[in-house]
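Paired with chain B in one complex and with chain C in the other, chain A is shared by the two complexes that follow.
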Partner chain A sequence: MRLLEVRDLEAGYGDVQVLKSVSMHVNEGEVVAVFGSNGSGKSTFLKVLAGILKPWGGSIKYMDQHIEDLSPEDRVRRGIALASEGRRLFLGMTVEENLILGAWTRKDRVKESLEKVYSYFPELYRKRKDLAGDLSGGQQQMLSIGRALMSGPKLLMIDELSLGLAPAVVERLAGILLRIREEEGISMIVVEQEVSLALEISDRAYVFDLGEIVDEGRSEDLLKRDTIRKTYLSVL
Partner chain B sequence: MDTVLQLLVESLFLGTFYAFMSLGFSLTWGVLNIINLAYGSYIILGAYLAYTLHIYLGLDPVLSLPLSFTGGFLLGLFFQRFLMNRVMNLEPFMVLILTFGLDIFIANALNLIFRADIRSIDVPYAERSHLLGPLIITEVKALVFVLSLILTALVYLLLHRTWTGRAIRAVALDREGARTVGVSPEKIFLITSGIGTGIALASGNLYGVLQGFTPFDGGMLTVKAFLVSIVGGLGRVESAVAGGLFLGVLEVFTGFYLGEGWKFFASLIVMFLFLILRPRGLLGGKYYGET
Partner chain C sequence: MGRHDLVVLAGLLALSILPPFLTDYLERVITSALLLASLALAQNILLGYTGYPAFGSVAFFGVGGYVTAVLMKDLSLPFPLALLCGTLFSGLLALLIAPPVMRLKSHYFAITTLALQLALGELVANLEVTGGAQGINLPIYRGPGGYLIFYYLFWTLTLVAFLINAYVERSTFGYALKAIREDEVAAETLGVNTLLFKTASFTLMALITGCSGGIYAYWITYIDPTSMFDPVLSVKMFVALLMGGVGTVGGPVAGAFVLEVVSETLWGQFPRVHGLILGLLIVLIVLIIPKGIWRRR
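The block that comes next holds the complex of A and B.
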């Protein structure tokens, strides 16, 4: 079953086009990785899916409905949540206030959502009264993902999962994500620069370059492919 | 000693009023990044509204306070929707010009209707005072103090205990972050502008009971709200309280020891000192979101 189906998506800033005819899809329950060089349009792509940036053209179908014209709020309400690049936390608020705001579109289910997020990220529970700005990088990433989970998403999009984090932290986060996917049946799009990690946690992957998808396939196949190994995994 | 005690109580009363009066100014500054030069004229507008309702309907300014707030709220919505939204994202300079123009417009409109004579709202309890030990407590000042305290606490609760309030703080801290969780910053701008202007007009009711006013007193009040916001540091209800109390002490003590004429001048000097030496204010907070 298709959860998300993107066709010929174009987008940019001002007159500068960034995305050129991007087509991709996400199946239900699937984890899809997106990687590619800096400035290739990965974050732009997620912003368009989240409704923060208006596309110039193309179509986005989610659960068999066109959502191009929906506001970010309506998209979150329907189950599309974004953990943005740079995390975009409310640093001057407490951890718990950040999480509560994540439930903006489901105000009646704050308590159970909090319990769920705390069960995946126990340290967020311990730090719930601390300011988000006082957390370590890893904890902030957990908070960013936790805040996205508070809306009860069907499609969780994470931009730059591992950026700036210690390997041990990344490994834990990856483990938790796989648990979340298993237990909640949430589909994910994970933008990840660390290609070996991206391919390890995903079922399929898309490779972006200069605003286009230049390669795609099952992650295990991509791992074996020479071009990928040479360009992105620095294996000779 | 008794004199100092008396002055401290006066400072507390006046300072708490200043804190409430300035909340709307610092809120719109912190959340929308707008320095509203018409803010003081909004306050004066509230005072004239209360004055008119008192003269023609015999309505006590305390009772017309919700009306002023509501009127201000609608005015703020209107102003944001039809004027501010158009210039907000252009140039900060345009915003200043626009609010400056609005300030002059309101002052002159009031002058046309009411003329420049000093008006005052003559409530029956205007002159009453009570002895409390060594202290003289003026009923009007105590009333304004208590109401300011309650209203300031309400604003605090609004910002910290309600969904709208959390969203307002979120937008102040990170607009794009707010957008990703589904909060629409544009809607929050409208609401914040409404609340800010509502506070201005409501505080005008209290100002009108405290002292006489003319259509052209708005500029001075804008400067005071500005001072409170700078001294306390932009951003939290607590900041406005700190700044308000500071201004209260400053005015009451300079007024008593140096003379009434020094009050405003001293405020200006302190404002410049703060801008130069401690631009982030006493508490150092920056935005409304900060806990």
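The block that comes next holds the complex of A and C.
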């Protein structure tokens, strides 16, 4: 069943159009990767889905309801959560304060959500009294994902999972994400520049270029496709 | 509330039993310090926790003072009722202007509030009901306790403002404000209604500042636009806040008392150059302890 359906989405900043007629969908329980070169509009796309950026045109249907005009707050309430690019943590606040803020839209379930997040990321429990700014890059990414999970999302969007992280850390995070998908049944959109990782953890993928979707398909099929291998995986 | 803040709270509570041992001069110095502390604590909610510097927050000091004074003089309202109206009017004004003003960021916001302070000062100077540039004379308080009543009014206001800051520090309301301070867009993506919380923070600041202005008006008994919308008061309040520690509960109180005591001492010892020495001292303190004397981390 379709959880998210985007049709002919257009958006930009000022007079500059970034997204041009983007159409895609996410099924329930599915992990969808979005990749492409720098400036291809991937992060802008997530900002529009999260409600931070207003679309110029097109439609966004989530659980069969139009959400284009909903505020970010209302989208979080309905189960759309974003782990932003660059993590955007509250560095001057503790790990636990960051997590509590993640559950802003369902304050009645903070304890339960904290327990769940700590079970996926035990490091965060050990560091719960530390400032977010004092964490390592990997721990900050865990906190970013954990904070997004605190809202109890049905659709989790992760912008640049591997940015600035060691391969071993990325591998571990990818494993945790798959575990979360399996145990919680959460659908995910993973925006990622590391294409091999994106295809490895996803069921399907969309390729962005200059604000348009130029290719799409099942991840295992895309991995075999010559154009993808040459352009994004440096395989000659 | 941390251990440091409990020390400030204990100090504040001790001030309540101090008056019988104080000379008139010391009583006045402490009253002035409490006034400054209340303003710095109000600003701390907006700047320290929400990250919005209102250079012109003294506008609400003037509004609170003038509304209190006009109601006492023209409508013969008793002081407590006039003060309540002055405080609420300041809060209402903040509530009305917050939606457009709180969409501005950093220096644009700061300059806009400063413009508001200057514009309101000009408006008051040209209205008949406010006495124009001549100002307003209020009756001298002759009730029980004499002028000590103003000591206790500022003490109560400072204590309330301190407790509000302590609440903000540890409550989910405060978490939302701090999230806005740290990263407003990130706060929004978590579902925090940022405009609502910024408006609440701005209004809370205005209520405390307006109340302080109302007490000040009756304490001084004569107000004019220059004294009630005085940019120097804004500067003093910011210096006290920066010296004490922005975003700490006890810092604004500590900063206000240090500034007032040092300022008064220098005034007494070096009447000709006290301003110069005070300025140098402030520069030194900011250079040596940029996060303020009360900053824990």
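Remarks
Basically, the second predicted complex is superposed on the first by the 236 of 236 C-alpha atoms of A that agree within 3 Å, B and C clash if a C-alpha of one lies under 4 Å from a C-alpha of the other, contacts with A are read in each partner's own complex, and residues count from 1 in each chain.
One rule holds in what follows: contacts are C-beta pairs under 8 Å (C-beta built on N, C-alpha and C of every residue); 3 or more make two chains touch, one makes a residue touch a chain.
Just so it is clear, the model here is predicted, and its values are computed rather than measured.
In the three-chain model built by superposing on chain A, chain B clashes with chain C.
In the superposition on chain A, A:Thr94 makes contact with chain B only, while chain C stays out of contact range.
Look at A:Leu233: by the touch rule set out above, it reaches neither chain B nor chain C.
In the superposed pair of complexes, A:Arg147 makes contact with chain B and with chain C alike.
On chain A, the surface patch touched by chain B in one complex and by chain C in the other comprises residues 50, 52, 71-73, 75-77, 81-82, 84, 88-93, 97, 100-102, 104-105, 107, 131, 147, 151. Of all residues in chain B, only 163, 166-167, 169-170, 173-174, 176-184, 285-287, 289-291 touch chain A in the complex they form.
Chain C contributes residues 172, 175-176, 178-179, 181-183, 185-193, 297 to its touches with chain A in the complex. By the touch rule above, chain A contacts chain B in their complex via residues 50, 52, 71-73, 75-77, 81-82, 84, 87-94, 97, 100-102, 104-105, 107, 131, 147-148, 151.
On chain A, the positions that touch chain C within their shared complex are 50, 52, 71-73, 75-77, 81-82, 84, 88-93, 97, 100-102, 104-105, 107, 131, 147, 151.
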